[in-house]
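Each in structure tokens, the structures are laid out below.
Two complexes are shown next, each including subunit A; its partner changes from subunit B in the first to subunit C in the second.
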Partner chain A sequence: MLYTVNRHLERKAKLHQVMHHPYFGFFVLGFLLLLVQIIRISGVNIPTTVLRGLGLTMIYIIIALGFSILLGYAGLASLGTAGFVGIGTYLIGYLTNAKGLSVSMILVIGFLGAIAIGTIVGFISLRIEGLYLGIITLGLSEILNEVFKNATAITNGTNGLLMNRIVLFGQYYQFNSNTIFIAIVFILIFVMILTLNIMKSPTGRAMLAMRNSESAAQAMGVSVLKYRLLAFIIATVYAFLGGILYMTYIGFSIPTTWNLAFSLFVLAAVIVGGSQSILGVVLGTFMIFGLDLAVFQQIPLFQENPAITFILNGVLIVVVVMFYPGGLARLITNLKYKITSLSKKLMKKWKAFKYGEDD
Partner chain B sequence: MAKMIDSILKYYLMKQIDHLETKIAFLSEYQPILIEGKKAILTSKLEKLAFKQKHQLLPYAIQAGKIDDYLKEAKAFEIKKVEEKFFWSHRALKQSLKRNQNQAAYDASLASITSKKDENIITIEAKYAASSNLQEAIQAYELVVSNQKNEFDQLKTRLEKNYDVFATNKKQLLETKLSKLNDKLQTTMKQFHRFKSADNQLESMIEPDTLLKLDNLSMHFGGLKAVDELSFSVKKGEIFGLIGPNGAGKTTVFNCITRFYKATSGQIYYRNHLNEPLNLNQFVVHNVIKEGIVRTFQNVELIWELPILENLLVAGHTLYRTGFIGQLFNSRRIKREEMIMRQKALKILSDLGLLAYQYSYPIGLPYGILKKIELARTLMVNPQLIILDEPAAGLNDAETNNLAHTIKKIRDDYQATIFLVEHDMGLVMEICDTVCAISFGKKLAIGTPKEIQSSKVVREAYLGGE
Partner chain C sequence: MFNETKFWNTFIIIIASLVVVYALLDIIVLRKLPKRSKNQNILINILLGLGLLSIMILLIKSLGMFLFLQTILDKVLSISVLALATTGIVLIFKTSMTTNFAQGSMATFGAFVAARYIIYLTSTTTLTEIQKVFLAIIASSIVAFLLGILIDVFIIRKAKYVTSIGKQMITMGLVLVISGIIPIIFGVLPLTIPRLSYEIVPLTIFGQSLTIPRHSIYAFYITMIVLVVLFTALRFTKWGLGVRATASNETVAKMMGVNTRIITAMSWAIAGALGGIASVLAAPLGGQVTTGLMVSYQVNGFMASILGGFSSFGGPLVGAILIPLLQGLLSYFAFLWQNAIVYLIILLIVLAKPLGLFGKKIAKKV
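Our next item is the complex of A and B:
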């Protein structure tokens, strides 16, 4: 009957509305990641390295999202990411081990510290642009690395800092890494939503305007000082958050992790994925970090020769950058278009075969 | 020390005035849009109810045997389905006949499907014709119809009443708010003026009907005098043209007015929409737009990574009043502001005939359209003074004519003063009310287009003297 037909259409429209909501993809990703934990709880034996790889990838996605706002929107290239993430790890490590501060307090301190550091670097960026800014931030990162190595009272030097418990509501807790995994999933969804809001807001547009033409942006009332500082502050806050999550998840931080290679990997992840899309950043981070951590390390061939993973990763990066300069996000949209057009063509052919050509 | 405190207080008051002004502009301009939005909600609610009622009515209508439009539709829909099925199977049969050349099998299967189809149609008709207890059913149906009508009318009257109350209340509220804000603005202005006692001489520097006045403006790049002791004034509501040979320093004048360059010496006076005299030399680049001065660029400077509509939204950047935290959490306020700004942008686009391009990206659009988009972008902030840097450069004759028409239209519709630099003499002479000719940074002549055309000095500057 018509009644049922209309009901059906109504339901379909509602489904369409939900599926095309901008946050839908984030919740799907979060659900998929939670599914891994659900499968583990239901009794299937998932290797801990896979879980660890996925958890680390999520943390790196958070760091890369902040970086994508800095690079893709404000157009500022920074190589100081590793140093900022390192500060985040040592902040929580030192404050919990030595002072016994609770996590919420540490988050507030980290937030304020990130704002301070972001402001300083932002002021530097007013004078210097492009590659020179990259070099300056690289220098800053190396200075921080040396500080991590030598400030043994706080960072425990090159031996690395251990943290096996955190303080919540005035009590020590020894957390299972799986519970923290679940917490990270929710934080990731939250951060993605915030990032999308920034990207679609007047702030994001003002940053894009600044990146495209500084003089036009100024003529339209965009204060370059304000938005450069803001971009750096956002990136630094995300990096600090990533560092704090890293320390709570892994429980160990060593200066050699926070070197130039890490900054470059984050940069590569954002560029390979597509610097202006969240989907792109997620895919790029998964390709650069996740494939190696969660997939390749499970295959015996790669376990025996760890160098192969680097080569394979390198080849993948070269292929993507050569053929898809817009990044993996562009690749996905192109693929979507191709698949729909191909399926339409096939349906047409199948109908012609079954029912005959049109007269 | 006292001087420092004074300057801090002055800065605070300036911020306050800025804040109040944007608030007033926001409230007074967007009031109708807000109320219209409420009306849209009302109509959508009524439509939803009508849709729901239609579905509620259906079973009663069937039982009452009422072959009204609705039932006819339903019956036709089912019959159409059956016929469609028959059509496709018949087509398949024809195809197999073509392949196998088996006439007998074809005839047999055709007969079977036609009989099946007829059977189906008969059952459908029987289903719709069947009716029992007609009298009662019709009564029930009519009862439901009247009930529904009552319900609909009740909702309608209630909603309309609500809407009326909302509209009047909102209007009153906004008016009281506006008057309060205006009072506050005036008191703060008075406070501010007390600080400005030293600057009170500004009032005597610029005439009441003048919008912009350059007073002995000079701009030197090292030894090069790009602008040399230039002074002229632009009246309110006119189209003012600045002409001169290449390298005469026209764009430098623009850059000095919009504070991209800091003038070596000389003053730039300006009257804002509150008729308050200002010295533009005290402003920063990105604050000039807040006083109602917007500019375009010689080479089109659009944001290539955003569609046209969002390009216009960027131009309205100074009108947004939600802070960063509100934007971060996508608050209701930013959503409402975004809606209002979109409406405004769409209105401007439709005024300039660019509505078809609203979703397309600037890359690949014709140059004339890009220039027009830059013009549209300037209108987002209700400008007082629009500064156009060579608007006709790179356009063909038809596009230039179109542009002249558009510029005049903008002057009349948006009550803006237009100040332009142009090399296309045809355009300048056609649209400008006053023309000023400069050469090597010095003023040659100023007057109506005819006076400039007959001026000997200008001719010498362009063609060379003897």
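Our next item is the complex of A and C:
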């Protein structure tokens, strides 16, 4: 008897441990996304736009996670995201089409390139701060956009660059967007785990200290140079990765995609969700990009009036920034707290009613 | 007419030598940015001035006087529009401490109203073209004025405790809302705004016979009148004093009896009105009135204000004059690349002078 009780408690404790493990949510999200593919394979007809919307949302989550480290942890607002993502897309597009390099090689090149560009922007950010930095990175993004438009030899100019196959282990593959979808799910889980580890590590805490007060952080021995560079490098690496995935998934990149609006949408996603939590970033990205791409485009009312999505998104951003400065993540934690306290209160009342008022 | 390769060689040599000299100075002498002495600042200013001067001389020499002057005259309209847009952005930055992304959208809304108003005037009255467009400019500025007041009273005033990046996000949300509302109110049919005049005026400067569209001349006059009135108001009226007080410290200004609410609301309204005028003047260039009408002007406006420095009103105006001018002049040498080159030059200048050409360092207590 005692033995079984112990086993039961043990199992319960283990379940609790698994449920409250920080990675649990990531795997649940990954499983849910995989479930969509499983349902599709089992024969249910899911519209391609929904699948495409979900896949794109995942890619944008990766980009937004990098940005949340930059904004939420290092406190640097950049509007150059679009340019960096654009570089990622053209990098893989050009290298695959013209040079026939394999994906692993391109990833390495992209990683090194992202480090170089992140370092440059990081050095700029040492000089220029706050809103000025936002505008300067906006200028940088505009320069990159002009390059995408005019360097026709590499980017195919305003017609857009098409890439319909990738090289893997020295062989050409015509890729299937559903296979890429599954790959993106695993990459997303990996990136989320990586981001959480960066956020909770001494690096993340040092960045947080720097964000709250630069002088205090410096006095405590945090090197502003090092962590600013690091924050920009992380954000740029994530943006490049996002770009490479985008090109692999969609197979087409055009300069008009990588404009100011894209950078602003990423910024909006991070702010609306809550810049310091992964859950928030996921929710925010889904709100800003996902709802429009995967859900609204299925509803006839929104199909006929695309303007309504704009208004909804705009109102959402304004309301969240004005009334919920912590973003949706804070809102959810508050709600959770309120529900648990309410249920506890009700439980107490129920017990008092059942057993009499003795405790 | 001009030797392109020679131009590029000289251009690159000038830029590269400036960058090298600056980098050496920066590494050896001025390593710590906030603690520049007066002499070091003068040194940098001289360096920048030399750079700009040599670029200008190079451009004049390789283009020839005729093309140089003609480009300036061609760019009068862009300069006027950009000056109006930039002043609006700076005005809002001063009072609300945020970069207003909705500046262009407010202006575009005004332009749509103007286009509709012109159609209405055409069907009901028998006014001449120039009278109609002039009335449309007034209508557009009034609508954008009211829109600015609405935005401030209902949104920005309520968001007093939001950080400046948060406020930036709010203005971005407003961009989405306005660009969603426009097709609902005005329909999707293409709207156009005619020019004030389609005449082209011959002009003789320095013995060169040049031409300029009359529309540009009118735009220049309107801009000059508006800006002179605005700057006079900023300098000599109580409102201007209030704006400057609010810009320097909002809390203290409030304590000293400045009604910062009205000051901020008026700044938003005037910024909107400036945009409204600018958009109607700029609309004929692109043909149709679209929601993306003012986007390029807005980006250029941001760059101009950062080039001149947000701390003064005159600095951004210099930026607003320099940017279209350089774009126009460089387009002869590198067609399509002029924007990228201009932005790159601005980036280098701002790296050397983080607060802009005419910016002043404001000491901050930590």
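As a working rule, the second predicted complex is superposed on the first by the 344 of 359 C-alpha atoms of A that agree within 3 Å, B and C clash if a C-alpha of one lies under 4 Å from a C-alpha of the other, contacts with A are read in each partner's own complex, and residues count from 1 in each chain.
By definition in this document, a residue touches a chain if its C-beta (ideal position, glycine included) is under 8 Å from a C-beta of that chain, and two chains touch if they have at least 3 such contacts.
Please read these numbers as outputs of a predicted model, since none were measured by experiment.
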Clash or fit, subunit B versus subunit C on superposed subunit A: fit
Which of subunit B and subunit C A:220 touches, first, second, both or neither: first
Which superposed partner A:147 touches (first subunit B, second subunit C, both, neither): second
Partner chain(s) touched by A:308 [first = subunit B, second = subunit C, both, neither]: second
Partner contacting more residues of subunit A (subunit B vs subunit C): C
First, second, both or neither for A:62, with subunit B first and subunit C second: neither
Which superposed partner A:36 touches (first subunit B, second subunit C, both, neither): neither
First (subunit B), second (subunit C), both or neither touched by A:198: first
Shortest CA-CA distance in Å separating subunit B from subunit C in the superposed model: 9
Interface residues of subunit A shared between complexes with subunit B and subunit C: 213, 215
List of subunit A residues in touch with subunit C within their complex: 71, 77, 124, 127-132, 134-136, 138-140, 142-143, 146-147, 149-150, 213-215, 260, 264, 267-268, 271, 305, 307-311, 313-318, 321-322, 325
Of subunit A, residues touching subunit B in the complex: 1-3, 5-7, 194, 197-198, 201-203, 205-206, 208-209, 211-213, 215-224, 230, 276, 354-356
Complex contacts: residues of subunit B adjacent to subunit A: 55, 58, 70, 73-74, 77-78, 88, 91-92, 94-95, 98, 258, 260, 284-290, 294-295, 297, 301-306, 310, 313-315, 317-318, 320, 324, 327-330, 334, 377, 381
Interfacial residue positions of subunit C with respect to subunit A in the complex: 33, 93, 98-99, 101, 155, 158-159, 162, 164-170, 172-184, 295, 299, 302-303, 305-306, 310, 336-337, 339-340, 343-344, 346-347, 350-351, 354-355, 366
